[in-house]
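Both complexes below contain chain A, partnered by chain B and then by chain C.
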Partner chain A sequence: MKQSRKLVLYGMAAAMLLATTGLAGCSTTAGVEATGKTSWNEEGARGLDKKIIFNNSSLAGDIEIVDVKSALVGDVMRVQAALRSKDKDTLPFQYRFDWYDAGGFEINSGAGSWKPLILTGRETKTIQAVAPDPRAKEFKLKIREPDK
Partner chain B sequence: MKKKSAKCSNAVLLGDNTMKRLLPLLLAALLLVSCSAAKPNFVFLENTAVDQNTGLVWAKNANMPGRQLIWRGDDNVYEYVKRLNETNYAGYADWRVPSKNEMGRLIEYAKSMGYDKAKMDTWPYQKLRQIGFIDVRDYEYWTSTRQSPTEIWTADLASGKVAPKQESKPYYLWPVRGNSSR
Partner chain C sequence: MKNGIKTLLAVAAIGTLALSGCASTMQYGDAGSAKPISTEFGSSDLQQIAESMVDSMISFPPLVELTSSKRPVVSVDKVKNKTMQHIDTESVTDSIRAKLLRSGKFRFIDRTTDAQTIEELKTQQDSGLVDKKSAVQFGQQLGAEFLLTSNFSEIVQKAGSTTDVYYKFTMSLKNLKTGILEWSDEKEIRKVFKRGTFGG
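The block that comes next holds the complex of A and B.
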């Protein structure tokens, strides 16, 4: 009776552990995220509110997002990010840009693909992207380790 | 010697009398000059109106964008003025949004030409049209003077009121260049 009770408890604990790890995997990007949102200052000049989030400590230790800037090409948003390797070895990873409108709704949801990029030791590279249409006022640059 | 001193005192007397007569005239002239200095004195050119008293240059067309503009957002007041300067509109690259005092003085000038609240054709936008400005709207115009993080002073060319308004609404833009005391 005691043994079966223990088994039930262990089973429940294992199930809870699986559930939480599974949820965590779904809710965050396992990598680095840089977000930029178009803003206007008191004079009405366009600017960019930037935020960088690290969800993966090993990638955070390897890559640094040195600079993020945006400009308009006609009326379409264009973004450039400079990435620097903190590692002395070659660092392969993948990145993608997601675009959102002023209300925070994703534009062309899921249309963007992961692109491979390799940084050699201590190298800095810039990556660029142009929004799919003029509605884009916000972007997310996602960086992750390559598929194994 | 005596004759000379008599002549001198006569001249002084004559001067005093003349001064007494001229003084009211001089004062009136001074008053006129000071009044005209405070009021704009426009010379209209092809695309601009130059206020010879302040040195300010106003766009002759008071509705160049052809619509109301927002303060923060795409295609806003800032972007429009930037484009004017990039394209050297009317030969100038220092166009800007007028301050509340500059708009206020323009309204006062329009009102000084005979304002009657009950008569629409005496309202500031009508008077400014009558003197030569184009497409002056009977609505509110942006000024560059901020009241709070969310409010900017606007000038209503229909009622003549200059007051702070929520910056989230669109208003008309009347670009100006040059410096005044603001």
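The block that comes next holds the complex of A and C.
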């Protein structure tokens, strides 16, 4: 009887210790940034200069940006990014798009919001966004782990 | 036995120390944060709905064609809120209207400020203060060509310690002359809350 009570107590202690370690992280680190800038070649055809930066090594192990493309709908820029989960479990992410004009100035600075994204194990999903207005010539896609 | 209690106390003390870094704080948060606090309708849900509706409307091919040559005049109807929650739905349509306006594709009529408009026009006409040549005449406003209508509904399911809330926001653009719906789209949001064994 005494033995079993002791076991319960140790169990509780272990659980508390685990909970403590789990709760210790209170911050969200910057994640992945993918930039795409509209460019024109000599023939005047529209292209996209892409750049992908990983600021977080654990996120780099979880997610991969497979493809980034952009097109015009009317005179407004539209972007699609294909994301692939490298993990076997379902993982939650957040993403947002920021937009910049031809001069590199942000449009509606700071107005964007994070959107939730859930990827099941090894799943590929596309996310899309449309620029807030025709001035946008460049975008930045940010992906991060959900804020705690 | 006594040893067990001692261990427990020690672990609790360490736990408290480690947790103190995350104790009560007051600070500015990110207005665009997507952190769900509860299954109730929240700020991120509003932003997701607004952005999704505006993106869809701006990129819908027939509307792209329509807005390429002119900026149609639109009136926004009140949202039919069929959820059990009290939600400031005007705030949702305000966000959508502001984004659509800023896209430069649409123009809007605001019926909520009509009383003030009439008062101002009356003053211009009747008070004798305003030069008759510059006074704005009644009956010159533009009529809306389109009406933006929306429905908001929810389905709540509860089973044991799990609450699952599904939101659906449907928006349509109705041509007032022909009565035809020119565009419609919906945004779905699902929020799941699982009560923890020790959680309050």
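The rule is short, and it goes like this: the second predicted complex is superposed on the first by the 119 of 148 C-alpha atoms of A that agree within 3 Å, B and C clash if a C-alpha of one lies under 4 Å from a C-alpha of the other, contacts with A are read in each partner's own complex, and residues count from 1 in each chain.
Note that a contact is a pair of C-beta atoms (placed from the backbone, for glycine too) under 8 Å apart; a residue touches a chain by one contact, two chains touch by 3 or more.
All values derive from a computational prediction rather than experimental measurement.
Considering which of chain B and chain C touches more of chain A, the answer is C. In the superposed model, A:78 lies in contact with chain C only, and not with chain B. When both complexes are overlaid on chain A, the residue A:108 reaches chain C alone and has no touch with chain B.
When the two structures are aligned on the shared chain, A:130 is found in touch with chain C, with no touch to chain B.
In the overlay built on the shared chain, the residue A:44 is in contact with chain B alone; chain C does not reach it. Within the superposed three-chain model, A:116 lies in touch with chain C and out of touch with chain B [touch as defined at top].
Residue overlap on chain A between the chain B contacts of one complex and the chain C contacts of the other covers 75, 134. Of all the residues in chain B, the ones that touch chain A in their complex are 71-74, 76-79, 146, 149. Per the touch definition, chain C reaches chain A in the complex via residues 1, 4-5, 7-8, 11-12, 14-15, 18-19, 21-22, 30-36, 44, 47-48, 51, 54-55, 58-59, 61, 64-65, 67-68, 99, 102-104. Residue ranges on chain A touching chain B, taken from their complex, read 40, 42-46, 75, 134. Of all residues in chain A, those touching chain C in their complex are 2, 5-6, 9-10, 12-13, 16-17, 19-21, 23-24, 26, 73-76, 78, 94, 96, 108, 110-116, 128-130, 132-134, 146-148.
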